[in-house]
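Below, chain A partners chain B and then partners chain C, in two separate complexes.
For the complex of A and B:
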């Protein structure tokens, strides 16, 4: 899965889609994930990163990442090749 | 778990709708409520299970005192009568009785409850369209004020009075146009079309019943104090007319209940905390009307109030837990809670405030809140803005003290325990959680259905 190329992501958790003019807010973990996606990290790498950096477990990360990616799709912030 | 790792929270992303007012939630809603009075929500759930209703004794007594003060500082003779149907758990009724309330009942069952609680018969007001002969006989023997709803009741009561050789104390319920529509005209006798006078004439000229009062209950969740002023004028007009025509003193005017609580009605833009009138506003309207109606000092009637929801709603909370989260087909988040509309009847007409019971970051998400029933109608809130709740997190539903603990249904699940948060700093179980035995107690199994064999 890839994020839209020209998506603007600020360090304070604001996301702007210049193509549509829509803005979004993300919480710190959401921001962490978006930055990794922007850097071209794979889903597996992100999963691993979350497990290493946060007090959580595999099932929770699995479930929440799935949901978060679905939301990104829903909000049309991704492109699939 | 390593301490170096950061705290985890579910990742969230939400569209920002700039320029649009958010009509669904208020900021304060996200503020966690970890304690009620001094009691920890978590401990309450651990001790009494989830979900559980809790009622704050302090809030009940303070609210009562506030209402009493608002009226008594404006009018000398005021008497509250606790409306049993609003919440008739005996411990709750007795708090009101300890504060000095009479009882107001609308069925033989409620009447028996009030008697059993120890309320003297002449302090139990018997309202409602359905009083059986047995109910009426009991009320007559106990000298309870009987509020007559219709002519059939008036005639029957007259027959019973003759039969028992007693003179029952009665009032009539009057309905009227107070500028609030739809008008409640199904209970009592109409003021504008002369029915009320007709009933009064029949009672006084019949000379078998003692007319001691006039009653109205103009609606419920009323947001307009001026409607009460109109009602108080109209009842006063009847009382003064009775004095003039029959030289008969009417002892009391009973204004019923109906004051809005601090809940938020569905579809209203602003929270009830900001829009519901205060007791002072209702008291000012009613007392001014009575004082200006033209009574002489010695003829001023006792003012009775049957306030229900406004006295108890804020004292009640429902504590519950999150069962699951899911994403709906259209992308909305849904949270499934362990309490449904069967124990929160009032969710059909209020947007109850729901707070998380644990600390969160300030990030929030719009969510639909469903109950646990396997039924499509089981929606607690169509739309709430809350932090990312996860399975087993706790929530606090506010302002559920009125009608839920009487209109609740045993359906699919057991009804929860009810706990009083005492002023003594202790919790008191006032209604146990239901059990399978409670529910099956009244079932009867015919002999031929006792056994079966499934191959």
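For the complex of A and C:
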């Protein structure tokens, strides 16, 4: 999954899509995921990072990450090769 | 650098819930780095808020409604020019532009500069002529046609399907979901703006707009795209944000290169989910949100005045993406004497 190249992500979790004018807020974990996506990390790398950084289990990460990625898709914040 | 001092007359002081562009244009002029200016407001109605905004408008004169014709307007402008020695006039209403375009040479001979589209440019972008305009300049336009009577509404279902858009020749547009609604909007809009009414195919998508300035020679002097982020019940932007929209910029460049547009303009477009752009309207003057262009780094009103005075203005290359405007309303306290003066003497 690739985030839109020109997506603006601030350290506060404020996300701005300059092509549509849409803006969003994400919580610190969402911001963490977006930053990893922006850095070009793969889904597996992000999964691993979340399991290492937060007190959680594999199933929860799997489910929440799936929901989060789906939402990014629906909000048209991603681009596909 | 010493700034020159100009006297600039501006219309469109109706800074109401569906605002005219006058006050935002003036704010751009007041922020000019090239000139200082005395602003002369030209008003049509004693209730236009700009008349009483003395920190923005230095003096206001009532002018005759466009329906009174060119001669009445000219007579009034001659009087105002005698009092104020105008350097430039910036008309900001669609309905008054015809008269000003016709008078521009006379005004020039009086020493008053304007920077207006030609009559041909003005006429060919009329809502009723938009399909032909789109074809001529290679811009997609939703199917539309003019109607002059309610009887024609019955056939629209076959031709356009519902919903469809009912538009006035100058202002107003409503989406009708049934023939009954189409008839109601036909009556409402034609009662206000007259006939014909324009019926336009409804195009689902996101409305994106662009405020621009053409130099009259085929170059785009400035352009800033915007999406409305808060819309009033009249469909007007109460808030908006500048966009990075290369496709919309290309469309504006293509139009200006093709028709050599002279002056300010606004493109109203629909961007569909497939990223196709449909032109729904071209306004032949700055929009009411033009101050967002100034705020994001392109002072279009200033550039227009400089070009009107014959200066070469370098096209703007950049603007700040993600700059917002948020409109507000403000109750001005006005002495009855002021209202009396503008109502009785036509000056304040």
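By our rule, the second predicted complex is superposed on the first by the 81 of 81 C-alpha atoms of A that agree within 3 Å, B and C clash if a C-alpha of one lies under 4 Å from a C-alpha of the other, contacts with A are read in each partner's own complex, and residues count from 1 in each chain.
To be clear about the criterion, a contact is a pair of C-beta atoms (placed from the backbone, for glycine too) under 8 Å apart; a residue touches a chain by one contact, two chains touch by 3 or more.
Model, not experiment: these values are computed from the prediction.
Trainee: Once both complexes are superposed via chain A, do chain B and chain C end up clashing or fitting?
Mentor: Result for chain B and chain C: fit.
Trainee: Considering only C-alpha centres, what angle arises at chain A between the directions to chain B and chain C, nearest 10 degrees?
Mentor: 80
Trainee: Could you look at A:64 and tell me whether it touches chain B, chain C, both or neither (first, second, both, neither)?
Mentor: first
Trainee: So in the superposed three-chain picture, is A:6 touching just chain B, just chain C, both, or none of them (first/second/both/neither)?
Mentor: Second partner only.
Trainee: By the touch definition at the top of the document, which applies to A:21: first (chain B), second (chain C), both, or neither?
Mentor: The answer is second: A:21 touches chain C but not chain B.
Trainee: Scan A:46 for contacts with chain B and chain C and give back first, second, both or neither.
Mentor: Neither chain B nor chain C is touched by A:46.
Trainee: Taking the superposition on A as described, I'd like to know which of chain B and chain C A:37 touches: first, second, both or neither.
Mentor: neither
Trainee: With both complexes placed on chain A, how many Å separate the closest C-alpha atoms of chain B and chain C?
Mentor: Here the least C-alpha separation of chain B and chain C stands at 5 Å.
Trainee: State which residues of chain A lie in both footprints, the one left by chain B and the one left by chain C.
Mentor: 23
Trainee: Quick check on the complex: what are the chain C residues that touch chain A?
Mentor: Touch residues, chain C against chain A: 206, 226-227, 229, 240-245, 321-322.
Trainee: How about chain A: which of its residues touch chain C in the complex?
Mentor: It is residues 6, 8, 16, 18-21, 23 of chain A that touch chain C.
Trainee: Please give the residue numbers of chain B that touch chain A in the complex, ascending.
Mentor: Residue list for chain B touching chain A: 1-2, 5-16, 18, 327, 331, 361, 363, 388.
Trainee: Looking at the complex, which residues from chain A come into contact with chain B?
Mentor: Listed in rising order, the residues are 14-15, 22-30, 32-34, 52-56, 60, 64-65, 67-68, 70-72, 74-75, 77.
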